[in-house]
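Here is the structure we will look at, set down as structure tokens.
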């Protein structure tokens, strides 16, 4: 029975999604309701599958490529999370997307994405995973380009960037296939010497590309503006992080045994992502772009956590992944409700919403607090674990701890600015009063906010309940001592309090200088060194995609000339030789005597040849 | 005994030479046919002298007879075609029939 | 042996050369006739009588008749049998007798080389012409019937349009 | 029973004049019946041979002592090809505008040509082979000159005079060998050849000269383009499709296998001449402006291919040669069928006046594409397999350079065939040609049959290979003796 359940888990969304795409339904809410019901069904399926070990193994394409699925601790955790978020997003988007253009396709693609994600999480054969992974690539492109006319460009950008990283993933899988001689994910473990090292790097690129860390992040901020909001809440916030970091974990823990050199590489990527993204987020003027940059920086934390290789760090990284999914999704949903009520997410026009949209404001405050690492909330717990992991690495790796702390500081500063500008700033009187969003939009926000609180205060429950079985297989020797994290008032607690006070102080100075909540980060923007960097960033100099396009133009011109060359060969050269040969035909002048003399000449040659070749 | 064969073979080769020469050099179609006829005579001589040499005379005569019959038919058809060419082109000159070129 | 040589050269080779060499077609046809008669004598000398008779009747007779017929048919048209054309003909053909003589001498001189070139090991055979023809060469008979049919149909087809309206 | 192969067409031809008087329509149906009979009988023998004893190892299956006839794998393939091509020729000439009251004579000559070819294929001694060779040749001279037009006469005369020289030299060689061996059948000749000596070499030189000239290989090919272009369309199908191949190529294969054996001197000669014909044939074809003349040169090139296959000297080479022999018979007659159809529809064969016929003549267009691709050796079709086998055989036999030549030549083949297709069928239609219609079904049905055979024997090549072709190398057993 369970195997059929497992099959149903990803077949149902695929079928329903396909049907939604194909079948024309006119009723306004029908599509939204259908997809929400399916998502709910999936959540139910995932829950009653919890805690079982199921394995499916079907011969598929031969050569060791079989259709293998495996439902065990780790994938159980990911799949359940996916179904939860899918349910919340579909519920949210029934109201939000209803009047948007092309909304009928949105639900179809949403469910297809969910099917692909579950498939990728369950896959136990690299090729099967790759198959679903590519599926995600396509649905992402489709969902983005549903947003608006300009969205197609961003969709294309995301397609190319993720496509490239998927290409590296494919190459990595190829090398693993050669080195490990098997494609079954649970049996692969290689050292990182020589070719395996290359495979490791390629696979990491693939994973990070999906998770949206540096340097594959540039499409996310653009998508924030153009793509439909539920997409942002669903994929960049939750799903991509889940799958991306899942793969990073599998690579770092299962596939390869990392050497210190590799560990440093991974952690440095994490650190850079944290710092750079949060600096960019600080100066954003738009609600959603700011959130998208934070999504990128939080990925940095997860990668840093897993990169430490210390058990507490790894568990912290994964715990941070699920926490981040919750509060980031909640933040995006709040921005969604702000946008749906006020029609814009530009912070300059927003202000004083705390009285008009109280519920949204409360959820925003809870989520903002947990992302900034305020003590009782879940963000604080997972960040503390990552800090502890970084510290435990030893004094040589102090730099990563400093980076993490700096990141936390700026995250707190930017959210203070955001909250102040959006909700608490003085409102200009002529702006019309706005009432709060529809209940279907508020319910998901409230649920997420509550989970943030629950996972924060009673953090033992998720740690031992969800994460312990998840990592059971990968790090068995460590886990059995139990993941213990005392909510003590140790040195880490005080550093966090220090960070927060410093952030509030900085916010107060900024507010005093500019008189507006939005200006809180202005003085940082003006700092001499940073100013130039920010201007460069604005001109997208650091965006590999834009540079690639400029370079592409020359490649195209080169190919054009090559093609002209081939054309010349066929149009000019072949007929020319044909005519030259035409002259050759003149020797056939029709005279019989010629033909006969050729023949007799041939005969004489033959006789001569025989006389020579046969020794008398 | 075998030097008769050798002499005959020499005669055959000479006849072939004459025939070939006339075929190549002659301008008139009929003269070419005469050239062919000379070569045919040579062939008959060759067959019979071979038979005479190895004692299988009866077999060689049958072969010679068949060869002659075939050759006669060939000449008849050839003459018919030459007549048609002469009627169509008005002349028997080989250089006239060269419009199949290239 | 000498008789054979004399017959061979005097009666067959030389008329054949004349047949090729002669300017008028009629002369060459007659020379051809003489040559084939000579050949018959050679065949008789090689005691192959049936082949000789056949050669005489068909080779000499029928073919000569055909040639004379066709030459006469074309003669009225080619009236301008000018001396100039004859001279041109001789200019082309005078070299023929020289070559043949030269070739004959060379071959004759080193004929010894060829003497032992024909190692024959088979047994003599005294079957008569009839037995061989009917016994072992049955297929040739069918072949002959076929070729004769071809000749007949050929002539019919080529000349049916005798009227030659164009 | 083997005699039936000779007697049936012979009788068919003989009763033609009588039929003309008593049953006018019969003159059309008799040739069809005869050719269909041949296809069925050969097919049945092949089927029986295959089903009964696994594969067709007709070592010396049917031996008629009295008349010294014999049927084996090689001759079976040849007979099948003769049957098919002559059937298609007769079908094509049913509608072809021949002068009506001479039509029975025309059919008689075609049947006599078939008799000649059948006789040549089943004969076991060189002299009767010569006689049947003469029957085929004389019949084809007359057929070429059938239309009374200037070109026909000229083409026929040249072909006649050249093949006359060839037969003379063939007979002299027979006489020389007869002098040594005392007999003319293959067995006796083989004994004689074993003794070696200069006479054998001279007789092989003469025979090679005669057969090379009859099969139209390079320095001796003068007559072939004129004969093919000048002859009326159905005759050119018969001529190009099968006559030249049986008269020249089959005889050469038979003599090399049965009499002379694969001795290196002969094989090198054959290889060089084959290679020269393949390459030069292809080059000459590239520059042609006339549909049939290009196909004629293409025939020279393909026959060169077959000879190279044979000259490789290995069983694989032989199989390649025989299969290419059969394929060439099929797709060459197909292409001449198309050229005939184009000629009847548009009245011209010159590329400059033709163009864009594909949409007006769809069937001819598609069948000619299949024919062209098969000639050029494009994978799924039969031509590809036979060329591949030949090239591989050459490579394995150590003649690597000639293998390259073969590949190079087939590239040029593709070039000129595409040129042909582009000039005649694709592109925009020429102004004067709007009015043309597709030829009548009786005319294009043979093309479809031939195209189907090419395609199926290509696709079913593995089956064709081990059932029909493997027995061919049973012939090599003969060689071992």
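The chains carry the letters A, B, C and D, assigned in the order they are written, with residues numbered from 1 in each.
What we mean here is this: contacts are C-beta pairs under 8 Å (C-beta built on N, C-alpha and C of every residue); 3 or more make two chains touch, one makes a residue touch a chain.
This is a predicted model, so every value here is computed, not measured.
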For chain B and chain D, chains touching each: A, C
Whole-Å gap separating chain C and chain D, where each centre is the average of the chain's CA atoms: 32
Approximate Å spacing (C-alpha centroids) for the pair chain A, chain D: 68
Chain A and chain C, separation of their C-alpha mean positions in angstrom: 98
Between chain C and chain B, distance of the C-alpha-averaged centres to the nearest whole Å: 6
Shared interface positions of chain D, touching two or more other chains: 127, 131, 134, 138, 141-142, 145, 148, 154, 157-158, 161, 165, 169, 179-180, 182-183, 198, 225-226, 288-289
Contacts with 2+ other chains: residues of chain A: 585, 588, 590, 592, 596, 600
Touching two or more other chains - residue numbers and ranges from chain C: 114, 118, 120, 122-123, 125, 136-137, 140, 143-144, 147, 150-151, 154, 158
Overall pattern in which the protein chains touch one another (line/ring/star/complete/other): other
Full enumeration of touching chain pairs: A-B, A-D, B-C, B-D, C-D
Chain D to chain B touching residues, read off their complex: 127, 130-131, 134, 138, 141-142, 145, 148, 150-151, 153-158, 160-161, 164-165, 168-169, 171-172, 174-176, 178-180, 182-184, 225-226, 229-230, 288-290, 293
Touching residues on chain A, where the partner in the complex is chain D: 574, 577-585, 588, 590, 592, 594-596, 598-603, 605-607, 609-610, 613-614, 616
Touch list for chain D against partner chain C, complex: 6-7, 10, 13-14, 16, 66-69, 99, 101-102, 105-106, 108-109, 112, 115-116, 119, 123, 125, 127-128, 131-132, 134-135, 138-139, 141-142, 145-146, 148, 179-183, 195, 197-199
Chain D-touching residues of chain C, taken from the complex the two chains share: 114, 117-120, 122-123, 125, 136-140, 142-147, 149-151, 153-154, 156-158, 160-161
For the chain C and chain B complex, residues of the former touching the latter: 1, 4-5, 8-9, 12-13, 16-17, 19-20, 25, 28-29, 32, 35-36, 39, 42-43, 46-48, 50-51, 54-55, 58-59, 62-63, 66-67, 69-71, 73-74, 77-78, 89, 92-93, 96, 99-100, 103-104, 107-108, 111, 114-116, 118, 120, 122-125, 127-129, 131-133, 136-137, 140, 143-144, 147-148, 150-151, 154-155, 158-159, 164
